[in-house]
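Please find the structures below.
Each of the next two complexes has chain A plus one more chain, namely chain B in the first and chain C in the second.
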Partner chain A sequence: MAKSLAELKAIRDKKVNEINLRHGKNGYRVVVGMATCGIAAGARPVMVKLMEEVAANGLNDVTVAQTGCIGSCRLEPIVEVYDGEGNKVTYVHMTPEKVTKVVEQHLTSGKVVDEYTMTIVDGKIISPEVKA
Partner chain B sequence: MKELSLHILDITQNSIRAEASLVALMISESIADNNLTIIIEDNGNGIPADKLATISDPFVTSRTTRKVGLGLSLFKAAAEACDGFFEITSEFGVGTKVIGSFRRDHIDRVPLGNMADTIVTMVMSFGAADLIYEHNYNHRLFSFDTREIKETLEVTTLNEVDILNWIREFVKEGLEEIKEEE
Partner chain C sequence: MAYKRSQILICGGTGCTSSGSMLLAKEVKKELIKHDILDEIEVVVTGCFGLCELGPVVIVYPEGTFYSRVESSDIKELVEEHLVKGRPLDRLIYTEKGDGHHPLSINELGFFKKQKRIVLANCGVIDPENIDEYIGFNGYTAIEKVLLTMTPQEVIDVIKASGLRGRGGGGFPTGLKWQFTHDAVSPDGVKYVACNADEGDPGAFMDRSVLEGDPHSLIEAMSIAAYAIGSSKGYVYVRAEYPIAVKRLQIAIDQAKEYGLLGENIFDTDFSFDLEIRLGAGAFVCGEETALMNSIEGKRGEPRPRPPFPANKGLFGKPTVLNNVETYGNITAIILNGAEWFASVGTERSKGTKVFALGGKINNTGLLEIPMGTTLREIVYEIGGGIPNGKAFKAAQTGGPSGGCIPTSMLDTPIDYDNLIAIGSMMGSGGLIVMDEDNCMVDVARFFLDFTQDESCGKCPPCRIGTKRMLEILERICDGKGVEGDIERLQDLAEGIKASALCGLGQTAPNPVLSTIHYFRDEYEAHINDKKCPAGVCKHLLNYTINEDTCKGCGICAKKCPAEAISGEKKKPFTIDTAKCIKCGACIEACPFGSISRA
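Here is the complex of A and B:
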């Protein structure tokens, strides 16, 4: 990997300036379920798309993380979005296309994309946001 | 699973849950031997001897949320469906080694799939743990080691978007290079 050391160093130098912008208090934390169920349902392309979109939109205060099985395997791939206060919105049956919209609306301007959330349970419409 | 790389992604999550600090992934493909072998080795907690015999049984799992665990069972079934074999060895407190071997041209062998995206997704979930990835394609070798990157960047975790993007490209290009026709 020797030939790329210079390239890596350049990334690092850029990072030093940016690091203070990250992990801001108000930033969203986005969690993708990455257990057997999630992976089989297509969580990896969702994860990669999320990473790309967050970078493309310059959302430096958004952190992206993974978790194990969330417990509703039939709804995978699942993406959970936590705001600064710990309130949670759960997006289900996610695809890379849906990720684009969630990043544009929810992560960029705070508008929950209702139609992708787990708002209908047994025919009953519930609030998409679970309070901390 | 639609790709073998998804099995790899899944099984390395076991290593992380077992508190491994180092995971070694070795893939070897040989057209001459008509073989594709995947080896995943970690230095995690290991599996107690009494559990090891039944670990690839779908109704055996170490988790407490429910009574099924499909990761290893699916990998075993995939290998055995392709005239290959599955093997797991482990020493409690030392680590675990999983091997899946496939007849490369078997009609049921799914593609290896997107290794660059798989490695990136793994690195994101690894945190402070490290990954060694070696890919041998007809005796041409690609290797990748997160410890070298961390050393160069002087960081303890690689979960930053531009580092991840760089890793993705590095893996993609490296694999293309070894798979090029001579």
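Here is the complex of A and C:
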């Protein structure tokens, strides 16, 4: 079937995520710890949920990636969010439910979800934003 | 559509395909299914990335990790480590030669840093067999802009203002060519658009890579040319020796027709355009424009006298615009980004970029696109990664059999059309063959002349007979039978052929000889007067001798000699019978004491 101009544009819009992936994205980079410890603690459903939510919210500039062991195995599943300047926020003990809120607040409107971060782990207060 | 968190790009160009990349794609899919992550990872088979030396090449995004020489047995580990656990597999990541630098991303490689990709922008980035990928990367927006907002004359004016010149050889201004064809009167209104994809220069493969990696860009550009000159029918003349390119171009044409991007009333305008592939049977002369047109018409592939030029009387006697693949490769970018943007790249009289196929004695064999005005030194040492085995650079040959040599003293010449002509070479289609100290320049000239002699169509005597006589002289020089005055005879013949041959093939055939005489006359003289080949290439001028003082009489050389030319008694110095010796050099490699020499 011949495509109209509008249909061509629709194809372009649909492809935008894949293109950004290859050209390099400018938005948040979300990294999930996927070493043995992470996977054992349930990182896989967290990452799947993350991908679903990012796609559902049309966040085409967000990169979802995985990494190996971050080093704090007892805090897994860990999700780290880097902004364009390299500032990092670390979310710990993540679940698919928590992901929804992180996507809604942090990735969409830039509000860090303090209660899921490392800030209050083990009674110690750590600043949620760390320079990478 | 499922969200893709990562993409694995596998090169499907001719180079990587021949080293098994199609098998890799299958293997990757198998592993992804095994780990149940097929929905979240996209496997894309692309066109050529350019670094053919390192094939099969695999790139994983979003990291842009560049894996080289990947084998199917590596895939299990690669998928598990990188795509499941998120740890790039260090062992397969390409390490740049020399400095031990270990780049993680493709953008950090020296090979890509100095490049500017306009023509090759999509090559190695999109899946050439999927029109949606091309559309996603702004494909078919240029033709949309042209058809809906520009007049044909406006299109021609933009191309003229951009300064684009033909990338196939001569460097004629493209806009002017289009203008002539636009202005030419065709009694029945029929005009044609044609594309020269008959890439015949030894070592050149940029057109093939564009066809394989980004075929839709050619279709779009030819549509724009058709609109500009008032044509509704186009032909792509491509060599039958490029099966992958032909297949992908045909797939692309079929997809474009399905989407209504080729055919009647494109975007509901009055503009209609249809495109057809014609296969060439592999004659070098069919890359010459008039011979190419004869061939498309079904006639013998021989050149026609010019004038009349194709702009007035081309295919089937109708006004025709004929451009090379790479020339068309610039059109959509110029339309979308404007003439000024294009003209801001390059030198004063050579705008934009040029794609070169880098080959010969160079570390990074492959395809690269650089702004006009880049020096040969930057190409050879920075992008090309230098000469293998620490050998010294001697010369670079550009323009294939029509071009000439650039010696060491010209390494810092900015490369553009006019500078190359000034130093006795030419841009040609962009083959760039690097030669080191082990190459004999007389032999190089003989090689190219042997090629053109073989490919001469025989229509005009200067090319048919003249190049034959030149080749005979070169052969006798290489055989050690050169006589005084041969250099002058070669020069005399060369000038005559250049002035009188019918087409570009004959007119440029003497160039390799003239340029090697100009820059390496001493080598010719050594061959003729001293009967020596300084580079040790011409067999008839070599003599192998065994040093009696250092020979231990082990006899290894005699065992290795395929001609049984070496004899002697054990523990006494051996000798070579020069009458039997075939000068293969096997004894030199075999001798553990370095006692055999070649002079």
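The rule is short, and it goes like this: the second predicted complex is superposed on the first by the 105 of 132 C-alpha atoms of A that agree within 3 Å, B and C clash if a C-alpha of one lies under 4 Å from a C-alpha of the other, contacts with A are read in each partner's own complex, and residues count from 1 in each chain.
In this section, a residue touches a chain if its C-beta (ideal position, glycine included) is under 8 Å from a C-beta of that chain, and two chains touch if they have at least 3 such contacts.
Source: prediction; values computed, not measured.
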| item | value |
| --- | --- |
| Which of chain B and chain C A:Pro45 touches, first, second, both or neither | first |
| Which of chain B and chain C A:Gly71 touches, first, second, both or neither | first |
| Partner chain in contact with A:Ala55 - chain B first, chain C second, else both or neither | both |
| Common interface positions of chain A, toward chain B and toward chain C | 1, 5, 8, 11-12, 14-15, 22, 34-35, 47-48, 51, 54-55, 64-66, 68 |
| Chain B residues within the chain A interface of the complex | 1, 6, 9-10, 13, 17, 63, 65, 69-71, 74, 114, 117-118, 120-121, 124-125, 144-145, 148-149, 152-155, 159-166, 168, 170 |
| Residues of chain C that touch chain A when the two form their complex | 1-7, 9, 40, 42, 61-64, 84-87, 107, 125, 132-133, 135-138, 140, 144, 258-261, 263, 267 |
| Touching residues (chain side chain A, partner chain C) in the complex | 1-3, 5, 8, 11-12, 14-19, 21-22, 24-25, 29, 31-32, 34-35, 47-48, 51-52, 54-55, 63-68 |
| Complex interface listing, chain A residues touching chain B | 1, 4-5, 7-9, 11-12, 14-15, 22, 34-37, 39-40, 44-45, 47-48, 51, 54-55, 64-66, 68-69, 71 |
